[in-house]
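Both of the next two complexes hold chain A, though its partner changes from chain B to chain C.
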Partner chain A sequence: MNKIPVVINDTKLEVDPHKTILEVCREHDIEILTMCHLKGIIDIGACRLCLVEVEGVHKLMSACTTKVAPNMVVKTSTERIRRYQLITTELFFAERNHVCAVCVSNGKCELQQLGYKVGLDSIRYPFLYPQCDVDTSHAWYVMDHNRCIMCTRCVRVCNEVEGAHNWDVMNRGHQVRIISDFNTPWGESISCTSCGKCLHACPTGAIWPKAIVQGQLQKNPAMITELIARRKMKL
Partner chain B sequence: MIRHELHALTERVKAKQEHFKHRICVCCGASCISSGAEEVLHKLQEEIKSRGLEETVEVIPTGCMGPCNQGPLVKYLPEQTIYQKVDCDNIQRVVQSQLVENKPLEDLLLFADSREKAFVNANEDPFFKQQQKIALKDCGDINPESIEDYLIAGGYQALDKALFLLSPEEVIAEVKQSRIRGRGGAGYPTGLKWETVYKYVSDQKYVICNGDEGDPGAFMDRSVLEGNPHRVLESMAIAGYAIGATKGYAYIRGEYPLEIKRFELAIKQATKTGLLGKNILGSNFRFEVEVRIGAGAVVCGEETALIASIEGKRGTPRPRPPFPAESGLWGKPTLINNVETFAAIAPIILNGGEWYSETGTPKSAGTKVFALAGKINYSGLIEVPMGTTLREIVFDIGGGIQNGAEFKAAQTGGPSGGCIPAAHLDVKMDYESLMSLGSIMGSGGLIVMDKSSDMVDVARYFMEFSMDESCGKCIPCRVGTKMMHDLLQKIGDGKATQIDLDRLEELAEYVRDTSLCGLGASAPNPLLSTLRHFREEYVSKILPAE
Partner chain C sequence: MVVSFKESAKTDPRIKLIAARMKKEGFKPDSLIEILHTAQGAYGYLPKDILLYIAQSLRLPLSRVFSTVTFYHFFSLKSKGEHTCIVCTGTACYVKGAQALLNKLESSFGLKPGQVTADNKLGVQVARCIGACGLAPAAVIDNEVAGKVDAEELIQTINMKTGIV
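Let's turn to the complex of A and B:
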């Protein structure tokens, strides 16, 4: 396939025309922060961390959903973008009850890593302290809504990869919650196959196996990407 | 039905009605119905019958006539005399005076209680005189539940013209020449949109009519669909012909049951008459329309969320591109226009694009329907040429502020728009002028406020609306609107400091620039515009620095 020229952060690149800005950046070791992206599942552009400036477009574009175009000029790390990434991170922490010290994913959490990356040292916005449930009804797994950042990676993995569509979203605005089936306890779900893919897809300590304690969580989201790639090969 | 039959049919229904000397229209828009119009209609029909006048006088329900807070309204045609606040007790007097004694009943004329002299011909009243009705033409004069009425008013002639005299390219050329821009709020050139969808090659394309109007204080689309559903249906068929679609969807709010009922009836009538379905008017063109009912989420008015909702999914927006023109409903090229835009299409095709472009301003052609609400004397539905000033709308048409109070600001564009202060009363109502003041045209809601309105609370109210209606998909809108709302509440409670105000401004800019869809991106507008025009009100509520 013919490659097309693009300019990312003042560097000229020759890239595949069907790829997204995010894919091109990752291939060329240009850092783009993401939270709702998981390679292999459909991108939704919801976390707004991957926003980039595209010359000639007045809006910021999400790198994960925007395809490259010939002679596109992209900037991934302007002062404005970095400032917005910091606010986004602050809002993620302020939205629900993220207490790293007692969290199963302490040390392995993508949200925690994001905080380090953007240089978060305090949160300027008031914590919302919502009352969130912890669903322990499943035999092996726990869903802790306090740690959920609504990236919906679990929803998409369950639907697109496992094909079970156990997870979905209910309510609107800051009241949104991930639900199992039609908002029944996870343990009573008739669609869940207990495959555990959602656990590996989850970037935080929202979904975890019962057998572990604080800081012990081992997640392997790359396993899901690998699984999707292998299935495609078979087809 | 083949083409020459439309003409014959129109003549036939005309002949059937020729024996009527008078037509009494009872406004059965949602507002008049809520004040008892249906009872008035039945009583009036009985009254005419009991006086033996039913051979020469017909009594019909119609759509919205405009001056909604004066209802129930009754209009006599051809005299164009409108009576206000008609009820079962004064009906007899009206009929006696108007039809038997042949003179108007002065004390019940429209605005008789508020004007020095009321007008017998309502069209001479300033409320109507400054209006120009294109989208709302026939609304209030015809029975929306009767296809015959629409045919007599020249209905389906535009579809007939498009199918037999114009190629799809020529239809698009007319729409482009009219320079009409999307009336849903964003103001995208409609002709350009049609051309884009037309150019995509696909085995299936779709036309969608966006009737998910949800801004507080807005009832333009509702009135169009309630008052003249066939007009929208005809225009959707024209759009289908132009872009090469055979299927259309009308997405209507579930809160508008009357609108749904009348539109579904219109579809049935048009299908039965051969104006929808296969071989329309004997041509090779096929077009069907289905109604989809919204479940009450404002965000479903956003085109990608609306499409997801029609597909049976959760109504949340997705990033664009791809735009619906390329990949819309079920991944097919889709044309999506607002109700009011469609309402203008049939007249544009019938009279030509040039005719439409002569009205309005160079960049904003045509007319715009506004829903007047708030502290204004005559609230209701109006249609004015683009470029009419806010002062003309509020004071000439709307009759000024209630109780002679002082005008403070007008909110255009609802929760996505901004306020216009008294200093800018002479602003021309067009897309660019409103944008330059930090507001937007929006879909046409216009809420007038007097000195009693606290602008911080106004901003808080609209922010609460956006917060509740945020779909929750992207974080800036989901959490940002909640944070901004809480900060506005804090300022309103007199507990905020300068630091809070700085945070609020920072968040407003952030949410505007980073939100996924238009709902989030425009949610800070009421806040930003009140800050711009009424900053002193914010500052006065801020605690002094310690």
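Let's turn to the complex of A and C:
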């Protein structure tokens, strides 16, 4: 396959076409923040953290869903991008009830790490404090909607990797919630295979196994990427 | 788990209708929205057991069906009432007094937008714009568009249709 020239952050690179800007940047150790991206599953550009500037395009483009093109000039770290990343992170925290101190994911949470990375020290937006359920009906796992950021990684993993499609998203706007089946309690779901992949895909402490105390949760999203790669090999 | 609709389909014409529509669409999963339209047309809303029947017939995940139903405002999981009155609250109708119509409906039947009477006879809804701005203020009573609506006339028309006095 012929390689195409692109310029990322003033560096000339020869890259494979059909790859996304995010894939190219990850290959060349150029940092791009992501939340809804999980290598192996389909990207949807939902979190808006991977926004990059593309020369000749007025709006910011999401790196995970934009393919590289010949002679594309991309900037991944400008003042404008950093400003948007901070806003996005603040909105994540303001939208639901995130309390790190009492969270199972404390210290290992991707959202928490993102906050550190963008230098989040205060939130300029009013907190919404929505009423969110905590679904403890499953025998092994808990779904805490307070900590969910609607990245839909669990939805996509359940559909694409496990093939069960237990999860989906209901409603729209601020009322969106992750649901199992007909918004039935997780424990009563007829689709769930209890495989636990959604738990490992979840970047926050929204899905976690029972019998885990505060700060003790160990997630392994790389396992899912590995699983997808191995399944492709068999085919 | 598998709901036996075969027996009830013989007696319930609404299920027959949905089954016929699914067959016509070749049980394609991407014909979900068309079939939901048919089901909502038959029942006036989408009962859970019917959603289960559709999901299983089209081999769609239950959560995907529920997601579609809750995303579109057109679909409803609750009964909208045997008779419906939709008041347009688009810009033109709003200026021409849509709020007065809603106030009159509330004082006459005790219904706010989205509510249904206890006996399920009448439901009141609002629409953003029904595309009849020249007829402002407009209302839709049982799928019939009424233009330049007067509050008193509206109540009379509804009383006639529903038999509520």
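FYI, the second predicted complex is superposed on the first by the 235 of 235 C-alpha atoms of A that agree within 3 Å, B and C clash if a C-alpha of one lies under 4 Å from a C-alpha of the other, contacts with A are read in each partner's own complex, and residues count from 1 in each chain.
The rule we apply is simple: a contact is a pair of C-beta atoms (placed from the backbone, for glycine too) under 8 Å apart; a residue touches a chain by one contact, two chains touch by 3 or more.
None of the values given here were measured: they were computed from a predicted structure.
Engineer: Could you look at A:D16 and tell me whether it touches chain B, chain C, both or neither (first, second, both, neither)?
Structural biologist: Neither chain B nor chain C is touched by A:D16.
Engineer: Tell me which partner A:P126 touches in the superposition: chain B (first), chain C (second), both or neither.
Structural biologist: After superposing on A, A:P126 lies in contact with chain B but is clear of chain C.
Engineer: Applying the document's definition of touch, where does A:I190 land relative to chain B and chain C: first, second, both, or neither?
Structural biologist: In the superposition, A:I190 contacts chain C only.
Engineer: Is A:G173 in contact with chain B, with chain C, with both, or with neither (first, second, both, neither)?
Structural biologist: A:G173 contacts chain B only, not chain C.
Engineer: Quick one: classify A:E53 as touching chain B (first), chain C (second), both or neither.
Structural biologist: Touch partners of A:E53: none, neither chain B nor chain C.
Engineer: Going by the touch definition up top, name the partner, chain B or chain C, that contacts more of chain A.
Structural biologist: Larger number of chain A residues touched: B.
Engineer: On the A-aligned overlay, A:I44 touches which partner chain: chain B = first, chain C = second, or both, or neither?
Structural biologist: First partner only.
Engineer: Determine, under the contact definition given at the top, whether A:F92 touches first (chain B), second (chain C), both, or neither.
Structural biologist: first
Engineer: Touch check for A:D181: first (chain B), second (chain C), both, or neither?
Structural biologist: second
Engineer: Could you list which residues of chain A make contact with chain B in one structure and with chain C in the other?
Structural biologist: Touching chain B in the first complex and chain C in the second, residues 168-169, 171-172 of chain A appear in both lists.
Engineer: Give the list of chain A residues in touch with chain B in this complex.
Structural biologist: Interface residues on chain A, with respect to chain B: 44-48, 51, 59-62, 65-67, 80, 84, 87-88, 91-92, 94-95, 124-126, 128, 149-150, 168-169, 171-176.
Engineer: Which residues of chain A touch chain C in their complex?
Structural biologist: Listed in rising order, the residues are 159, 164-172, 179-183, 190-191.
Engineer: Touching residues of chain C toward chain A in the complex: what are they?
Structural biologist: Touch list, chain C to chain A: 1, 48, 51-52, 61-67, 70-71.
Engineer: Please give the residue numbers of chain B that touch chain A in the complex, ascending.
Structural biologist: 297, 299, 314, 318-319, 321, 467-483, 486, 503, 506-507, 510, 513-516, 521
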